[in-house]
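The next part holds the structures, each set out as structure tokens.
The same chain A turns up in both complexes below, where it pairs with chain B and then with chain C.
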Partner chain A sequence: MDSQPAFPSTGRVSATGASARKKNRFWSDILRQKYLYLMSLPFVIWLFIFNYVPIWGWTMAFQNYKPAKSFSEQKWVGFDQFKTLFHDDQFYRVLRNTLAMSGLSLVAGFIFPILFAVLLNEVKSMPFKRITQTISYLPHFVSWVVVAGIVTSMLSLDGVVNHLLTWLHISDEPIQFMAKPHWFWGIVTGSDIWKETGWNAIIYLAAITGIDKELYEAARVDGAGRFRQIWNITLPGIRSTIMVLFIMSIGHLLSIGYEKQMLLGNNLVSDYSQVLDLYALNYGIKIAHFSYGTAISMFNSVVSVILLFAANGLFKKFAKESIM
Partner chain B sequence: MKWNSTKSLSSLSLLTLSGALLLSGCGQNNNGDSASNSGSSASASPSGSGSASASSDAGAQMDTTPITFSFFGADASPNWNNMQDDVGKAITAKTGVTINAEYDVASGGGQSKIALMAASGQYPDIIFAKGELGKLVDAGAIIDLTDLIDKYAPHIKAMMKDNMNRLKYSNDDQSIYAIPTNGGVNNQYFDATGGFEVQLRVLKELGYPQIKTVQDYENVLKEYVAKHPTTDGQPTIPLLLNGDGWKRMITITNPGFIATGAPDDGEYYVDPTTYKAELHYKRPEEKDYFKWLNHMYNEGLLDKDTFVEKDDQYQAKIASGRVLGLISQEWEYGNAENSLKSAGKNDETYGHFPVTLNDQYQDHELQSVGVDFSGISITTACKDPVRAIQFLDWLASDEGQVLVNWGVEGKQYNIVNGQRVIPADVQNAKVNDNSNFAKTTGVGLYTTFAPHYGDGVKDSTGNYYTTNFPDQIVASYSDAEKEALKGYNATTWKDLFPSEKDLPVKEWGALYNMQVPTDGDYAVIYQKTQEIVDKSIPKVILAKPEDFDKTYDQFISDLNKAGAEKMEATYTDLVKSRVKLFTGKDVQ
Partner chain C sequence: MSTKAFNLTRGERTFNVINYVVLTVIVAATLYPFLNVLAISLNDSADTVRGGIYLWPRQFTLKNYETIFGYTTLVQGFKISVLRTVIGTLLGLLSASMLAYTLSRPDFRSRKFVSTFLALTMYFSGGMVPVYILMRDLHMIGTFGIYVLPGIVSAFNVFVIRSFIDGLPYALQESAKLDGANDFQIYYKVILPLCKPVLATIALFLAVGQWNSWFDTYLYNGNKPSLTTLQYELMKILDSTQQGSAMSNSNDLAKLMQQVSPESIKMAITIVVTVPILVVYPFLQRYFVGGMTLGAVKA
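Let's turn to the complex of A and B:
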């Protein structure tokens, strides 16, 4: 929104003018920059319609909302929906699962793509590099439905993984992976790594290309080996990219969707597979308790904003990096 | 800096300005909408009253100008062909109506989709809402059909004459919100499609053994799998159940009451004298049933993947022909069985047996519930409810029913000596290539749209309305099926089941069709208990035999902890008021 002046001359207006002149200047500014304003207007409207108008719906969280009634006829219940929410054991279980799975994928989602990007960058053969990169990001375009099918059949009793394990004599009996509640978080994180590593590495590869080549030459002259170069040049070079992405994904910690969990999960592992969004769907929309669903998503949004600002503040203070 | 602050101030003011404009724009839009809505409903009623006088002389003189109704069906209809099939074209030609249909996918049941409709207020014109009707009624989305049926639907009225009370929504709200279409009026069963299933090749090889109790069933599966550990090179699966989503009810938990002689009341069991409802899992005899399933699992007879696989993997296993036994309903695994038929593997399809826990119990699956099925409703979004009800009524006429059930004369059936006869090639396509047959002919795709008579009812020409009558049913059996039935001295699977004549009609209908309150605690507790069932039943069945009792008791106490007793009390009241409504009895 903070558009730079289009014409350098507008910046030189003196601050001494009377209020009338000031007002005049305001309108003349607009007039002069009318194309800039016109160009940004659609986005302002878009943002407003899709991101601000729906917030009005939060009022539902404080009502006992009934679809057929108009706004003035709704019954207001204060914080009752939130009280029910915070008294439900299941809420804490799904919150735990959500945080655990998103935490795991947050950590894995940084370590693996960065590692992959750095290693790929060290490869000198261009064709190999290109092919590897293309192949590695293809899984990103495969839908979770298909991925879940592949994962369940690979991990099934007569699946590839079990064949391999028995062949290598690591286990005597086939293991039913999908029936083990404690392994569910790991399976989800693993599938996530397989699917997204290549895709997430693209941005780091791009950032690495932006590093000045002379730095490497200088380092080589000083006798730095490959690992030294990675540690002292490549990683610091993409540090700000990492920070920005990290802060942003902390904002998304609670909203991880529920497709993976729903598609990979089953009744045996539901204690570990149900996440906040699925809970909101089951207890909000499915049984037509819209107010309760709204309360859940409101909680979700508020916590996300707090997390985002906290992460941003901490990084600003200690790492001198921030996005706001 | 100074410049900058004026700058951001001006952009801010622009933002609020555009916002205000936008808000007022929205407001106007809303006004416009509501105005046009009230306009349309106002214009609908005069035209309604206008044609009311016209319709008194005949229902036949209905308006047949082309009209399109949008429709949503809560059950998947994978063969739907946008009315480009023979029956669909004939319906459009006769009534001028085109249905623009959308169906829920896979095993959706319409739950999320209909909840969203209720929240957004955007309804199709006509809806088959199944168990979700209550949400729409509470949202004020469904119109009361009482007067419309009275004025414009002579056929529906004639068909429902004794059952009008059963169409009413509840004792407190006696409006008619849905016309039952998910079953046939005065239906007689000529065939049994539930019970426990055994592959025909198993029956043949073992010389048609008696299969009456779970012990018999177990022995049969055990004996065969010992002889044939593999089928087509893959391991033979003795027993397969479907643990995915709500289908666990059909194949795992409902058989709990089926095998112990109780009727189907959804998740509940109702005491026939006191009308007290409780979750059916609490019956001690069902604990024994689940103990048997637990035993089947520990014996290695129940497939180990039962609770981890999804519906499509389950169907694929059946379609591979290596599953010896199922505990299900034919519609649940029908697509897989059809692909076995298409592949010519008729000996790997299934026969049905009324298996019970022991010989004290009697299978109640054929017990009649009377007219009480989910049905079709017209919403407030429908611009021309009169045309809609006339359309439904036309489908309920003799002409409409014959078209929907039999197809087009000269194509799907012929009249020979006053009898409707299905030619052999058509019958062949219908049995062996059902999904293609349904797609091109449309036979079987339109039954959810209109109330219809059930099997065994004859029209004025002395022919049956439906194609399910004893001769036709036998004709639809494959040779392998006929051979197996001969082995049991029976002509249809029904002959093996206790007849509905020996079982009284249920006073409270089918409780799985009863709509429950959407506000208050009931829905929340129900959802919680369902989740407990979802996760406890696998635990119970997969437990070590010595842990079974402990696990089952834990399951029941979890249910009670979640408030099951309170929920059962609410439900008992609903059942009592339903019996009052249906029978006029004074129930305390």
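Let's turn to the complex of A and C:
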């Protein structure tokens, strides 16, 4: 990419060029590339305001922030907010919920798309394959509000799931799924599987297409059945894709979002539905404990970055190994 | 290969049958909820309460739709949703394509800086509370701008478009340069037309993101009826029917609920917010499948 020829630059400076000429060249370069700067700098400034300035806001976590006061008038409290946070039982419950739900959807988010991609790959009829795939994307494009509405009505006392369960004599009485705290993690994970499996399978399907067809031919000649082919060719063929995606998603363990928890949760199950972001929302914004809320947000961000670096390190190690 | 069907062993045939059955069940489980919602939305509200509506309406009616389209808050919400989708998508496309183009130019002096500055935003964020405080300091709470302005630049979108541009022959840009085009003209006249497939993908992502978002309305504009979106209104109805909570005790809504049951209203709105997506995404499928794989390879 970098070896592509650059646009002819005005006058190559010789190796003996003095610093004055270098400086001149700096300005003339900028002038020459003024359109490139005009097309990028405004967005850099934009990013600075909306993505970098909030980091400065982390200073609030070390203050007792009062909205009406200016920055210099704020009272600094050191790590007090964090001390309160780490002594709060609710914080540990919320952290447990966050980790549990992201762990579950991390695992499910791998197993189901891979299974789906492998099964779909075994289909020989193109129209069936295409239609199945197109339909499988549908829930991905629908909002969590809609999905939560669908899930709640499917799981309601009079919903189709309870009808099925009683019809199959699995349970005698309809179950109030949405009111059972212990069901909540499962419901969230299940909704996630329903919504994203088809979409997440795209990458695996693409990776499977890249596998050498001759391997399958050879295996068939050797008398390998379909399961053997899947186990010995397809799955090893997409192993590196799986590893890369898995390691990368470790980095996002704490940033699972809060939409589904907020939409599917209710007061009855809040012990199991509250996640870090909702905790920050409830304390930080709703009752205006801005400093405390910032401390929660900051904890979340910092741990995420650490996880991401750890994942990246893992990734590098894995990448090195896979080259050998 | 299908001509050789008679050659299949018994095991192969069993595998095929089971595979088709499993996939059909998956398709059914994906589609059924939508068909069920559609059926209920087209069924008489009083009749729906009796239960037992599955795939088609028992007493067909359009009254549920008439009711929601006669409710000004929802019509207003629909307008805002459309507006934010259009504006947000256009702004997002503009920023992502411009940045992607400058980053694809190997001779751009500040390429490394801009690229790093952008990439860092993928790894950390200030978090909900600091962002909220920033929006308040910028006086953006209670404005339409909060829907489209903060998220104008998305690093992911930029990198997807950039890797597409990297795949285009560089000679095109050079010959345009020789013809006397400046960098902006190259972007506008050479790069943009060639990027249509990837821009379609990004446009879909942006539009779906805008159309589906509700949390920013909840957080910033919840008590500003003229600025609420359709998804937010749906969320309020969902919330009130699910927990009977006091969150949405607007008189308007209560009146609406007397005419037709909340369940029917909910289903009709669900269809209204889902149909636009349903109409668009299958046609963009080949683009976004390519775009997704491209993004994954980059990452």
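For this structure, a couple of remarks:
In this text, the second predicted complex is superposed on the first by the 250 of 324 C-alpha atoms of A that agree within 3 Å, B and C clash if a C-alpha of one lies under 4 Å from a C-alpha of the other, contacts with A are read in each partner's own complex, and residues count from 1 in each chain.
Throughout what follows, a residue touches a chain if its C-beta (ideal position, glycine included) is under 8 Å from a C-beta of that chain, and two chains touch if they have at least 3 such contacts.
Computed from a prediction, not measured in an experiment: that's the story for all the values here.
With both structures placed on the common chain, the touch criterion links A:Q176 to chain B but leaves chain C unconnected. In the superposed model, A:M39 lies in contact with chain C only, and not with chain B. In the superposition on chain A, A:D222 contacts neither chain B nor chain C. Judged by the touch definition given at the top, the superposed model places A:E214 against neither chain B nor chain C. Within the superposed three-chain model, A:T152 lies in touch with chain B and with chain C [touch as defined at top].
Touched residues of chain A were counted for both chain B and chain C, and C has more of them. Once chain A of one complex is fitted onto chain A of the other, the partner contacts of A:K66 are limited to chain B, with no touch recorded for chain C. Touch criterion met: A:N282 reaches chain B, while chain C stays clear of it. Touched by chain B in one complex and by chain C in the other are residues 1-2, 29-30, 37, 44, 49, 52-53, 67, 152-153, 178, 266-267, 281, 285, 290 of chain A. Contacts from chain B toward chain A in the complex involve residues 2-3, 6-8, 10-11, 14-15, 18-19, 22, 26, 111-112, 115-116, 118-119, 121, 135, 138-141, 243-244, 248, 304-305, 307-310, 313, 518-519, 523-524, 526-528, 531, 534-535, 537-539, 542.
Those residues of chain A that touch chain C in the complex are listed here as 1-2, 4-7, 9, 29-30, 33, 35-40, 43-44, 46-47, 49-58, 60, 67, 116, 119-120, 122-125, 128, 131-132, 134-139, 141-146, 148-150, 152-154, 158, 160, 178, 194, 198, 202-203, 206, 225-227, 241, 244-245, 248, 258-259, 262-263, 266-267, 277, 280-281, 284-285, 290, 293-294, 296-298, 300-301, 304-305, 308.
Of all residues in chain C, only 1-2, 9, 11-12, 15-16, 19-20, 22-23, 26-27, 29-34, 36-37, 51, 54, 95, 98-99, 101-103, 105-110, 114, 117-118, 121, 123-134, 136, 149-153, 166, 170, 174, 177, 182-184, 187, 208, 211-215, 219, 231, 234-235, 238, 242-243, 245, 263, 266, 270, 273-274, 277-278, 281-282, 285, 289, 292-293, 296, 299 touch chain A in the complex they form. Taken together, the chain A residues at the contact with chain B in this complex read 1-3, 10-11, 13, 15, 22, 25-26, 29-30, 37, 41, 44-45, 48-49, 52-53, 64, 66-68, 90, 152-153, 156-157, 176, 178-179, 266-268, 270-271, 281-283, 285-290.
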